[in-house]
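The block underneath contains the structure these notes are about, expressed in structure tokens.
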Amino acid sequence: MQAFIDQLIQEGYFQAVSKEAVYATAMVLVAFAVLSFFVAPLAGVTSWLERRVWARMQSRVGPNRVGPQGILQWLADGIKNLLKEDLIPSAADKKLFSLAPYVVFVGFLCTFVVIPFGSQLIVADLNIGILYILAVTSLVVVGILMAGWSSNNKWSLLGGMRSAAQIVSYEIPAGLSALTIVFIAGTLSMQGIIKAQGWAPWDWFLFHNPFTFAAFFLFFTAALAEGNRTPFDIPEAESELVAGYVTEYSGMRFLFFFFAEWGNLYVIGAVATTLFMGGWQIPPVTDDPVLLGALQFMVFFLKAYFWVFVAMWVRATLPRVRVDQLMAMCWKYMVPLSFICMLGTIVWMLVFGPQGSQIFSVVLFVLAVGILGYFANRVLYQIRNARPELYFKPHI
Amino acid sequence: MSFGSYVSDIKDTVKSVFEGMAITFSHLVRRPMTIQYPDKIPVPIQETLPRRYRGILEVDMDICTGCLACERVCPITCITIGIDMNKETKQRQFTHFDIDVCKCMYCGLCAEACPTGSIRHSQEFEGASYDPAGLVRHFVTKPAALYKPKKGGETDAKLAEKVDTGLKYLDEFATPDGGAAAEEK
Amino acid sequence: MNVPAQSLSPGFHTEDMTISVGPQHPSTHGVLRFVVKTDGEVIGEAIPDVGYLHRSIEKIGEKVTWHGYVPYTDRADYLAAMFANQGFCMAAERLGGVEVTRRGEFCRVIACELNRIASHLISVGTFGQDIGAITPFVHALRERESINNLMEEICGARLTYNYIRIGGVGYDILPETCGRITEFLDHFEPIVDEYNRLLSYNKIFIKRLAGVAVVSREDALSYNLVGPNLRGAGIKWDIRRDIPYSVYPELEFDVPVGTGHVGTLGDSYDRYWVRIRELQQSCKILRQCLKMLPTGPAIAKVPRKFKPPAGECYVRVEAPRGDMGFYVVSDGSEYPYRVRIRTGSFAAMAIIDKLSKGIMVADLIALIGSLDVDAPEIDR
């Protein structure tokens, strides 16, 4: 984007003001545009989709009254929460209590700067892209601890502590899995990682070698844990701690936490797509830059949203793990496995060269398709064994 | 922890998660079972309820004999009946027949005790009201005479129909000498 | 998992937290309260505080007639209403010398086993939800809807049935209802397998429950646990088998007992697994009853003003949450003199304090769910 602004300055648009002022204004405007026109509706629609997906998985219909198919439900929820009384418990630490949601929000929003929506559609292609994302999402820990402590409520405190332990621990498998990819791509920059992949599935880093295949699942699991999603949603475990660290929050402050959570799902999906699934790469169908940009945006969005759907699906299916089991899983299972994946990838690259072996990639891809086929088989088995016509027969 | 149990832990987790996700996905593609009451239903729910459904009580005053059996048998005293003597006709008449619907336990003991089947459970269940007074149903608006069952069947056609409905309702209850399914099988 | 509470270094000064689980909590089953002292995540003691749902049902028994009290027994445990009905009616029959008709007995067993399936569905469903799995709960409720519809067809109500009356049952079961019950059973048995594949065999679920809150045989007996809690500890005791009543001697069914096949004998998973297998056994009993249903009247002749001679009796029925005991004293009048209901959940509350020493807060929730305590039963 910087190149675009420089081009505009050269063409003589912003003569009167200094270059820094132009940059600053452009940054603010772009941030505003991205946040209000992309992130806010995205988080809202994700919340609606999550409720619909859960409902269909539970044999019921989710919210479907507000707007066509209920798609404006999030607007109704947002307006309702805005109109609620702004309640700060009298014994709570007012400054920290008010500030905590914003810290969490900032922690998640800063990642949007480096998400590559298309080959030209990125706000800033930092050359430390993936490292920046891992660093900035850790701000969320500070926010959650602030929320848990300042609520002056033992349940919130328990939730905040659990969350801090969880997020800090799961940074490591996430970082190591990302590092595995960085070795292959040779760069930390997000666009660089995508450009090192191709558009065909066997050119993706996901199928590059068996170790990256495993690293993908480790990364996804660790990212779910960082996003406080089931099976790791202990900090907000509804049935155990009433609502964990958000117990004392109500109204818009409460929504901010969940806004951050749903938006974070998209960031997880986006990073997973960038690292493992080839990002916005599409087959070379057109040269027109606008059309190309639009197609790349669509492809990236669909790939990233698919993982959002998988995260919702996992939440509907699995029970939650206990805190000590969560820690055990991280330190005893995921960290050693991440190291093995990383070392395995390095050895693979030594043996087969930095591009890996095309044959192995195709074989892995076929294997993955086979697993999907087996999955479809199990789904059909479940459908055949349950008799849907008896779900409910009104007495007519 | 041995290497074998380590690997089998991972294998079991992956397998059970895979199976669970297949099940939830299979539900995603099946028809949901929700009945979207009250606006997106083909027929009103009241018509789909079974015969024996114990909804809000209703009384057909035309065939009520004023025997007070329902008032006596009600375990929560939600039925209040008032009978006094009409000075002109020297007949007994109802002054009030109130059922407090929010006290009612919907147990059906009153319906079973009624000799003519005039007090019945209807199929109605939407009895919400904006004030507590609306929850007391008054079945006598002006003083009405008691019903005297005629020996040898009812002659008046409309009343005969009502008596029939009442007796058919009473047929649903089990009795010591047979019942609906005694002759079957 | 038992972590000793003094696992921190002795010189490190920590404070215990006293937190109150409930009475408003998404997963205490009903209105219960526990005052929990914890050291971080590890619980020191959990003292139950009951009485939030007390409705004086036993006192009401002294004020209404014998027939009129039967709808009140529904509310003693509204998830297993049939069993309370049956207990009280059996006590009244024993005092009054009434013999229930054979068809009435079979109708009672059919209704009770359907209610057992419904109650266990709620139990395993809410247990899954406490552990975090939200989908199996709704699936269990969906199946319970079909049972509610069947009960609505039979007796007109979906939760508080007032179906079992003194002398038999209030409404007869018609042949088309029997056909629908068979259809439901054909549909339901594969659903239990699907439920198992979704939840019971899930490794995360098993790891949450294996070895957690183990109830030993001695503890189970000395704390007076009953029902699936007792059977989960390995003791094979079922009122339907050991103190038989109604037509259970003629029916063939197994009594599932915990085996400790994941983790230890008597842990939470055992109790849960006993309930799942009881679901399957109830299906078996229902099929037999539907085949053996005799003709005849469904209720015996009982006077409108029921006045049993003076005396007392104690009747036990196998409710889903254990054996429900009815101690009824009559003084010859048309009102009972004293009705005392003894329920299994009350005893289960007593053992929670002992079991919760050294476990984590998350395990406490699993423990309460696995014991299937139910607030209306505890407080009556």
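A, B and C are the chain letters, set down in written order, and residue numbers restart from 1 in every chain.
Just so we're on the same page, a residue touches a chain if its C-beta (ideal position, glycine included) is under 8 Å from a C-beta of that chain, and two chains touch if they have at least 3 such contacts.
Everything numeric in this text was worked out from a predicted model, so none of it was measured.
The chain closest to the protein's centre is C, with centres computed as averages of CA atoms. Among the other chains, A has the CA centre that is most remote from the centre of chain C.
Chain pair with the larger contact count among A-B and A-C is A-C, by C-beta pairs in contact.
Averaged Cα coordinates give chain B a centre that lies 26 Å from the centre of chain C.
Chain A and chain B have Cα centroids separated by 52 Å. Chain C has its Cα centroid 43 Å from the Cα centroid of chain A.
Counting partners per residue, chain C has 135, 139, 142, 145, 152-153, 194, 198-199, 202, 204 as the residues that reach two or more other chains. Residues of chain A found to touch two or more other chains are 57-60, 316-318, 382, 386, 391-392, 395. Annotation for chain B: residues touching 2 or more other chains are 9, 17, 19-20, 23-24, 27, 33, 49-50.
Touching chain B in their complex are the following residues of chain C: 64-65, 67-72, 101, 103-104, 135, 139, 142, 145, 152-157, 160, 162, 167-175, 194, 197-199, 201-204, 293, 295-302, 304.
Put simply, chain C touches chain A in their complex at residues 1, 3, 17, 19, 25-27, 41, 128-135, 138-139, 142, 145-146, 149, 152-153, 183-184, 186-187, 190-191, 193-194, 198-199, 202, 204-205, 207-208, 360-363, 365.
Chain B makes touch with chain A in their complex at residues 1, 6, 9-10, 17-36, 43, 45, 47-50.
Contacts from chain B toward chain C in the complex involve residues 9, 12-13, 15-17, 19-20, 23-24, 27, 33, 49-50, 52-54, 73-75, 105-109, 112-113, 121, 172-185. Those residues of chain A that touch chain B in the complex are listed here as 53, 55-61, 313-314, 316-318, 332-333, 375, 378-383, 386, 388, 391-392, 394-396.
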